Every structure is written in C-alpha cells, then in structure tokens.
Amino acid sequence: MSKVKVSRKAHFNAAHRLFRKDWSDEKNTSIFGKCSNPNYHGHNYELIVSVSGKIDPETGFVMDMKILKDLIKIEVEETLDHKNLNIEVEEFKSLNPTAENIAVFIFNKLRPHIALDKELEITLYETPRNFVMYSG
Amino acid sequence: MSKVKVSRKAHFNAAHRLFRKDWSDEKNTSIFGKCSNPNYHGHNYELIVSVSGKIDPETGFVMDMKILKDLIKIEVEETLDHKNLNIEVEEFKSLNPTAENIAVFIFNKLRPHIALDKELEITLYETPRNFVMYSG
Amino acid sequence: MSKVKVSRKAHFNAAHRLFRKDWSDEKNTSIFGKCSNPNYHGHNYELIVSVSGKIDPETGFVMDMKILKDLIKIEVEETLDHKNLNIEVEEFKSLNPTAENIAVFIFNKLRPHIALDKELEITLYETPRNFVMYSG
Amino acid sequence: MSKVKVSRKAHFNAAHRLFRKDWSDEKNTSIFGKCSNPNYHGHNYELIVSVSGKIDPETGFVMDMKILKDLIKIEVEETLDHKNLNIEVEEFKSLNPTAENIAVFIFNKLRPHIALDKELEITLYETPRNFVMYSG
Amino acid sequence: MSKVKVSRKAHFNAAHRLFRKDWSDEKNTSIFGKCSNPNYHGHNYELIVSVSGKIDPETGFVMDMKILKDLIKIEVEETLDHKNLNIEVEEFKSLNPTAENIAVFIFNKLRPHIALDKELEITLYETPRNFVMYSG
Amino acid sequence: MSKVKVSRKAHFNAAHRLFRKDWSDEKNTSIFGKCSNPNYHGHNYELIVSVSGKIDPETGFVMDMKILKDLIKIEVEETLDHKNLNIEVEEFKSLNPTAENIAVFIFNKLRPHIALDKELEITLYETPRNFVMYSG
C-alpha cells in the first residue's frame, strides 16, 4: 500500500515583531522594515498540518482527523493563539519569530505526538500572500 | 442610468487589544476574553471599499480604480498597516479598536475624498470568519 | 450612530434529497434531477450569519461574536451537522430541504435569540457555486 | 412569505482594452493607463447572477438553479467566453468594455429571461481585487 | 526538458457514512463519531487531478486540459456525483469511504487512462479544512 | 538545519492565443479549440514563487520576502502584466504561450537572481481551475 498524505487546516491570531536584541534599532529597521515596529503588528496565521503514512486497513484512516485536530488545538493553538509571540512564547524571547522559525517551532511541538512511521509537514500562511513549508 | 457599485480589495496587518481603560482587568477579561491580552494580538485585516454611483458615460467608470487604490493606500494603509492600533492610531487611544469601530474609522477617513453624489461602503474582515460592514 | 452589520461564518455537513412525497418518482426526477436520488447525496454547507444594529458605545460591539458563535453552534450546528436532513430534522420530513428552505429554517431558529432592535440575515452556500440569502 | 435571493457563480475568460476611438492615444493612455494597451490584455471574469423572489411552495425553489445555469451558459458564456470583447461583441465595438459596462450588458442580456416578479443582480469580478455590482 | 506538473480542479457532491459492517454500532460510533450516522451525511468534494511529465514541444502541453477535464467527468464525476457512496459505488459496499480510500479509488480509475510516462497525483478535499493526497 | 520552502503570491493579467504559425487554421482550431481565437482571449494569472533553502540563523529568513516581491515585480510583472503575450513578449513570438511554457519562462527569468544553494519552484494558475508547477 502506497502512502497517503492527510492534511488539516487550523488558524491562530498573534502579535509579533521581527528584530534582534543584539542589533541597533537602525539595523533592525534596515533589515526588517516596518515588521520591526517596536509596538508590534499581527497576523491571522493559517496553518496546515500534514501527516503522511500508510492507510490503516481497519479504519481506512492514515490518522484520525479528530485526534489531529485536538492535537493541534492543545499543542499549537493554546500556545500561540491571541498571544504576543515575542513576549509570551518562551522560544521567541531569543529567536526571531519569522514565519520560517514559527513553522519549525510548530513542527517540533507536534513531531513527538505523531507516530514514528509517519512523516509530518507544516505549512504556515503569515498572510494570504506569504507562506512557508517545513518537513523536518 | 441606474447605479453601479464598484469595489476594491486591500489589506493591512496590525496589532491590537480590546479593553477599556476605565474597567478593571477582571471586567475587561470577562467581556473581551483573550482579545483583551495586555500584550496584544493581531490580524491580517482584509478590506473592501465599495463606491456606488452612476457610470460616467465618457469613461465607462463609476470611479477610476487606480485612484481608489491610491486613496486607500494613502488614507488607510499608511495609517494602519503594521501598526499597533491602540498605541499608534490617535483615535484608538480612547476608542476600543473593535472591527466595528475600525470600519467606521476607515469610512470617516475616506468619505471626504469620495464625490458627494456617490455612496461609500466599508467591509472589513478581522479574520476569515468574522467581518463587518458599514455604510454611514 | 448609523448601523453596522457584523457577520460570522460557520459550517455543517449534511445529507439530503430533494423530492415531494406526493409526487411520483418520475415527476420528482424530472423536476429535481439527480438531486432527487432516493439514496441521498450531501453537501458541506457554509453559513454566514449577519446581525445589523447600532454599535454599543460601551463595548464597541454590535454583538459579541463569541455569543453569536455559541448561538450558531447550539441552534444550528447541533441540529444540522452530520445529519440526514430529510430523516432527522423534523421540519424537513414534510418540507423539501432546498437551500432556500434551509436558510429560512436557520433564520427562524436564530431570530428569537437576537435582540429585537437588530436585524438578522442568513447566507447559505450549498456548494461553492450556489448560495442563497434570506433576511425575514 | 418574504423574499429569498438565490445566486449562481459562473466564469468566462476574455481579452479587452479600455479606450475611446474619439480620443488620441495620449489621452487614452493618460486615462486608462496600461489597460489601454492596443494589443489587448485579458481577465478571468468571475460572475455571480442573483435572482430574488418568493419561494415557490411547491418546489421550495425561488428559481431552478439548473435553469439559471443553462441560461447563463447560453446568454453570457457563449457570447463572451474566449472572446475579444472590443472586436467580437457588437455592443463593445462602440462602448468601452469596463467592468461596469460589462455588468450592465450581462444584466440586459439576462433580464428578459427572468420572471417579471423577480429581481436580478449581477456581480462581476474583473480580478480577485476589483469587482462591480449592478441591479438595474 | 524537465518535468511540469499540470493540475485540473473538479468537484462532486455525495453522501456517505463511515463504518464497518463487522463492528458493533458502539464500536463504529466510538471510532468514527458522528461520521458513522446510519442515516448518512455528505460533502462537497473538491478534487485536484495532477499529471506530471515532459512538455510536448509541438503543442506546449504536458496534457491537453480539455482531455483531462473530460476524463475526470466520465471516470469520476459520473461515478460519484450526487451518489450515496456506501450504497451506489461497488467498491465502497465493502470498503470504508474515507477520504483516503476515495482518493485511492479515483487514482485507480484514472491511472489506466494516463500515459505510462506520466505521473498522476490526486488531491481530494472532503471539507475546506480536511484533505488528502495520493500519488500511487 | 533542514530546509524550509518560502512562497510569495503575485499576479498579472495578459492576453494570449494558443496556435502554431506552421499549422493551418483548421489544425490550430482542432488542437487548441477556442483558445486559438485569432483575436485573443485573456487571463488573470496568479503566480506563486517558492524558494527552498536553509534558514539564515542571523535573520530567521530563508530569503527576505520584500526582496523576492521586488524581484517578481521587476522580472515578471513588468514583462507580462497587461501585455499581449504573443505580440509583446519576445519568447512567445515563436513559442506557444501555454501555461506550461509561461511557467518555464518565469523560472528562467528568476533563476539567475536566486542564490545557487536555493531551489526555485514556479506555480502558475491560468484560471482558478487550471494550474501548472515547474521546478527546473
């Protein structure tokens, strides 16, 4: 049996700013532009979590979408939704919360909860026009 | 000649929080929930600006979309994009930046620039699932 | 203060068939086509519930979206989601579950829970290409 | 019984240019910009045709969507799809094919085929960001 | 010449329920939840069929989209559209019609009609939030 | 550090026709159908440009989206937007402007401007229902 990739969409809203503490304001602005606004801006992040693996012949599922939905809720939404990423999420106190880094963060949060014989892929839309994909 | 409504989509990203200074933290949380997070959260606001009026028989336009696009850029995007609404937009220092109030604010910014014989309507998506409409 | 219309999206999946018990199979098929399949077919119904009224100057809300979201869940989703409309929803045992009739049904379910000084509008997508709107 | 508005989406692709024969090239370019390119450009036009009226108590329909779909196909798609609007559509040989004028043209094509006790509304997307609405 | 992947969207509506005949009602409900409703529910399935291969230097096509569109219509839409998958589709009388199994079924229906030097990929949206991908 | 794929959406409108100069009108029509209309038709092309590579640990970016946005504007939009592809784009005077060939053309325009250790992928929507993907 070949592999199927199953995907579930979710979303969260958050505030962030892009900057490095060890750079001057001038350098932060020259590299990150208005995304470096010290008062923060924000996004509706749209998230797609994809899991690839063989279909379980008993259920016809690669993975139960209800379980995946709950997992995303507990591991991702409760950590990131309606939060200020720079202030309230431990990892982003020192790591710049770019879409790339947030996608890797979400991957690392979910990976331990996905069976080892399955692959995980994270797609994260920062805006309807900018998005990133990470699969470990 | 009957009226035609022409619409132009735009967008901006911003941080905000919902709260009233004259309420306690407890009351703000009980009314506004996680939207009242003191560290802010944010959205990709999707905006539709609609202008209704008669078609100019010379051009075939109700209003030149390029002019409307530039007007939205100057009056709305430059004021709100990548901003913290509560801190950086004068009106929202004392007014709660709900989607309703932001739509009225945008209407009031654009109305003086639209010809008097034309009607203006603002549709504002705070998230893909929540949106408001205001036409004066 | 002029009125603002606030809208909330929701969705539910259901099976149905279009037919009248008092018509022959031939007449049902000639009027309703493949939508009259006796074994049912189904849709992902996308729902937009809109409430129009004045902005409450205290909260900046026309209506709290969390309350509207919960109301849609209790009154609409719990009644219609993952149901066979013809068999499991009392009203549609005798009434043809067209998109038009479902929209009126949803309006009537929600109207008693919306303040009398506010207007209610129901938009229901039966497919991404067919949708209906009803406001009483 | 109050009125319900039923809507059907359709689409067509076409080439056009915006210009007036009685204007100089300079004036056409100054008013219509790159939309006036003499070699034409084109769009995927997305169309929504809406019909408002009372629900027929026998069928539960305001109007049979299959009939509306076929009507749009015959009256609109066969006239406009994969056409050069300025060259191949009689009306636009002398009338500027702006979105506004195309919407009025579609309304006039469909209106004679819609029952007199029903209202017709045309929404036409020229691009995902620009659209117009006309209802007679 | 490197490979290009060309994709065509289509859709169909169907009713189904998730269950195994050899399981008790209790077990079906505990595993499949409300998706196991014996009276069925349904979906608007959105389908993307992708074919990868070299561009034919004569036509500039990997595959003629009109041919692919007709193939999807004959092989997929006529078999699944407005059907009850459990009752009316032979394969799903004994196989659970999960999105995963439907995607594999569509792949197997189309594969014999696609040239051997081309690859086939099926993406199937069961809802706007749940989708699966299969490529053999 | 594993690779992340970052994507940016853009769009352009253009006219084109599908045909070969060395074929008769009859043969062009039999192969390309109404897409071969000598008077041209057109599309709103939606473009996704994706760049894959390692995250720069200093910025948290694979590639600065502002730089990618400007690159797409200069290399793609200025060349193709509001143009007649067959007449005004040198490559398509002799090459059939199918979606496949346009995607390869865009890839070749952008590839020299993307760092050698990064991969480039082009996704091009000719209509909301037809799209192609090319990655060299």
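The letters A, B, C, D, E and F name the chains in turn, as written, and every chain counts its residues from 1.
Everything that follows uses one rule, which is that a residue touches a chain if its C-beta (ideal position, glycine included) is under 8 Å from a C-beta of that chain, and two chains touch if they have at least 3 such contacts.
Predicted model only: the values in this text are computed from it and were never measured.
A.B. asks: Go through the assembly and pull out the chains touching chain B as well as chain C.
C.D. replies: The shared contacts of chain B and chain C, listed by label, come to D.
A.B. asks: Fit chain C to chain E on CA atoms, both being copies of the same sequence, and give the resulting rotation angle in degrees, nearest 5.
C.D. replies: 180
A.B. asks: Between copies chain C and chain D, are the contact residues mostly the same numbers or mostly different, with half as the line?
C.D. replies: At the contact between chain C and chain D, which are copies of one sequence, the residues are largely different (under half shared).
A.B. asks: Just grab the chain with the largest centre-to-centre distance to chain F, centres being mean Cα coordinates.
C.D. replies: Farthest chain from chain F, going by C-alpha centroids: C.
A.B. asks: Let me have the rounded angstrom distance from the C-alpha centre of chain A over to the C-alpha centre of chain F, please.
C.D. replies: Between these chains, centre-to-centre, one finds 28 Å.
A.B. asks: Rounded to the nearest whole Å, what is the centre-to-centre distance of chain B and chain F, using the mean of the C-alpha atoms as each centre?
C.D. replies: Taking the mean C-alpha position of each chain, the two centres sit 33 Å apart.
A.B. asks: Specify, in ascending order, the residues of chain B that touch 2 or more different other chains.
C.D. replies: As it turns out, chain B has residues touching two or more other chains at 128.
A.B. asks: So, with touch as defined above, which chain pairs make the list?
C.D. replies: Per the contact definition above, the touching pairs are A-B, A-E, A-F, B-C, B-D, C-D, C-E, D-F, E-F.
A.B. asks: Okay, in this complex, where on chain C does chain B touch?
C.D. replies: Against chain B, chain C makes touches at 2-10, 50, 55, 58-62, 64-66.
A.B. asks: Contact residues on chain C for chain E in the complex?
C.D. replies: 11, 13-16, 34-35, 37, 39-44, 46, 81-84, 87-88, 127-128
A.B. asks: Can you list the chain D residues touching chain B in their complex?
C.D. replies: Contacts found on chain D: 18, 20, 31-33, 95-101, 103-104, 128-136.
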